[in-house]
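Next, two complexes with chain A in common: one pairs it with chain B, the other with chain C.
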Partner chain A sequence: MAYFNIGKIRISGIANAVPDDVEYSEDYSSLFGEEYVKKFIASTGIHRRYTSHRNGVTASDLCCAAAEKVLTELNYDRSNIDALIYASSSRDYLAPVTACVLQDRLDLTEECICYDVPLGCTAYVYGLYLAALQIQAGCRSVLLLAGSASEQLPKGYVPTEIPMLSGDSGSATLIEAVEDASEMYGLLRSVGKKREILIQPYGGQRHPFWRLVEEHGLQRAAELNNRWYMDGLEVMRFSLREVVQMVGDFYSYFGGSTDDYDILACHQANQLILKNLARKIKFPIEKIPMPITEYANTGCGSVPLAICEHYTKVPVDREAAEILTCGFGIGLSLGIVKITVNPKKCFSTLKVSERFDDKVTYEKFH
Partner chain B sequence: MERLYTILEGVCPGIDFRNEKALATDGYIDSFDIVSIISILENEYKISIPVDSMVEENFESAETIMKLIRQLISAAKE
Partner chain C sequence: MNQKEKMALIEEALDTEEGALVPDTILSDLDEWDSIAALSLIAMLDEQFDKTISGAEIKAMKTVEDILAHMN
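Showing the complex of A and B:
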């Protein structure tokens, strides 16, 4: 059941937040060479990013700030929120789920269903689908929080490769059950057999840290733990084959054409992929927002960021815009979902500098 | 062949496309370069390079790239 179509879904508001700390790709010229950095900017499109590796702001801090923005702007009664979905792989703790932490921080009721969806770059489109299912099952409204943040690094940390591809952002989308609202429809897919082309293989139960220590020693184990691996060419192939196929299947099943949609809010993998994807699916490039140039690839939060950055920079004098959202990445996982947004309720991006203090001390849990 | 050298040198300046025989294997070009090269070749030669041809072997040298172009042009004529 890859295709779905669920009615009476209203996207009431969307907001985003980024860490209040900016870095420029050119800052890394002295470390990696001017020519290399120029080439990096030319291919990825990334000039700057907002990052949490210095101030330690987490993805949940960003999502929390974005949620406060949406709820305040809409003057929304929080007791109506029947579900909170935290769509992110950037978790506060290994356990419990971050959604429960956010329920407390946002002062939602104890009747609120809370769960995490630890996907990567498809977290938002899967989250939209799950939120629609929750509405269909009787929830009055759902708060979908999606974001990614990098880890805080020690002072003086020197990266071994340019770290500018990934930026940090968190988002909040309020989704409500409204009788005369439009349909949300789309298509979600998974290609698990190709999981090894984009993977963080060590540190989980399959390859635990202690086994790495036994086999490689403590120092090497620490280097390997949580390491990311990406087969760049395979990822490019996936983006230009499976994603192109999915978009074609979407049009075949639901009908319509690019003219029917205001924008395609696409996961911001890199500018080269986006331009080639646009060319392959024949979607006008000017209708694909590319906040990647200013924010880098913000993972789980890139799609809502693309929506709001577009509508805050290109104001639209309408209260409804039909748009496509598209995510693809680790899993492998991919999805395309049509939603209707109110451009006037797509809010400007906040900057967050404060890391939430959970009062946890090492003396408390030893 | 000169036309191809000019195109490749435009996409990846500073690489010796006339002599290097292991461009991808030896790390002279990466996945970003390969996609950039494909994008320009499709435009310049009016061909469509299938995603399945986006493999390192086809981009190891100017000769292998030219071989791929010729295959696609002749396949299009058939």
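Showing the complex of A and C:
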């Protein structure tokens, strides 16, 4: 049963942070050709992105800054936070989970359930569901941190493909148990048989690094390790079929129509996909925020960024807005979740330039 | 939809000059035939002909005629 409906859930505040380093798609004209870059911008909608490939700010740094913003703005007593969910595939270490690092950095109590959910573009919608479950199980409040960041690259690195599709952002959402709050409901699905459409196949236990070295030599193994593969055409097809089907099933099960929702905060895959998805599910395009134009596709953090960028630019003079959130991507994994947000507690996006120093040195671990 | 209208839709999806294409045009000979053009083509076929074709079907296309074959 992939449908759920959980009551008494309040989204108390949402904030986002991006690395303080901006890049424009046009910056890549000399490398990839002016015509190609123009076409890239027209199709994806991406004019610029904020990136951590130079300053090395991590997704957890971004989420940490966003969490400080939410907790400060709400003047929230952090000893009430009974769970922290880090919904991200951009982790600080191979082990332990990043949620434990963030518990320490955010000075949360030791009576706090901390775990990671390493999904991709559905990390946020799955995280909302898990947070609601935690509340139902007795937690007073849950901090949901979702974000993605790119790897810091060596100086002078020259990309072989235009890297502008991916941007970086981190978010924090405070979710509380409140007696008169509304319900969160939705639908989550998975299509594991299509996992090769989006995959990072090497470096895990199935294709470990040293096996690659044996087969291809150290240099090639280093190039392959952690590399991403995407079949863009099949991602497009998935968006137009399975995602469209899911939205239809959501309306059939829960009732209602597009008029019942203030906005659809959708994962920012690319503008071509978003426009075609909007057309197929008959959702008015003006009710689908498109921060992709300014931030690119920020992976795990794209949905909360879409929510806050909308409500900080289009101020709403009321304290509750019923909205839909929708994620789809690697797994394949997809989900649509209805939440109620307070537009006045959707905060403006921060810029972060400082990379956290964990004091880990080679001398300590070798 | 007549052949001329279909050709205009293909030209728009592939972002080529008007009248640049004929049914025999070999796709791999076109500078414009790249991953973005392929995405636009999927979107166009879906919108205009209600056909959500696969990546494999796109990769199997050799000429403009192969695109026209999906436009009915």
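The working rule: the second predicted complex is superposed on the first by the 366 of 366 C-alpha atoms of A that agree within 3 Å, B and C clash if a C-alpha of one lies under 4 Å from a C-alpha of the other, contacts with A are read in each partner's own complex, and residues count from 1 in each chain.
We take it that a residue touches a chain if its C-beta (ideal position, glycine included) is under 8 Å from a C-beta of that chain, and two chains touch if they have at least 3 such contacts.
Keep in mind that what you see is a predicted model, and the values were worked out from it rather than measured.
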item	value
Contacts of A:272 with chain B and chain C, given as first, second, both or neither	both
Partner chain in contact with A:318 - chain B first, chain C second, else both or neither	neither
Touching partner for A:282 - first (chain B), second (chain C), both, neither	neither
Which superposed partner A:207 touches (first chain B, second chain C, both, neither)	neither
Which of chain B and chain C A:233 touches, first, second, both or neither	both
First, second, both or neither for A:36, with chain B first and chain C second	second
Interface residues of chain A shared between complexes with chain B and chain C	39, 43, 232-233, 236-237, 240-241, 272, 275-276, 279
Contact footprint of chain A on chain C as seen in their complex	15, 34-36, 38-40, 42-43, 46-47, 52-55, 58-59
Touching residues on chain A, where the partner in the complex is chain B	35, 39, 43-44, 232-233, 235-237, 240-241, 244, 270, 272-273, 275-276, 279
Partner chain C, residues of chain A touching it in the complex	36, 39-40, 43, 231-234, 236-237, 240-241, 272, 275-276, 279-280
Chain B residues within the chain A interface of the complex	14, 30-36, 38-39, 51-52, 54-56
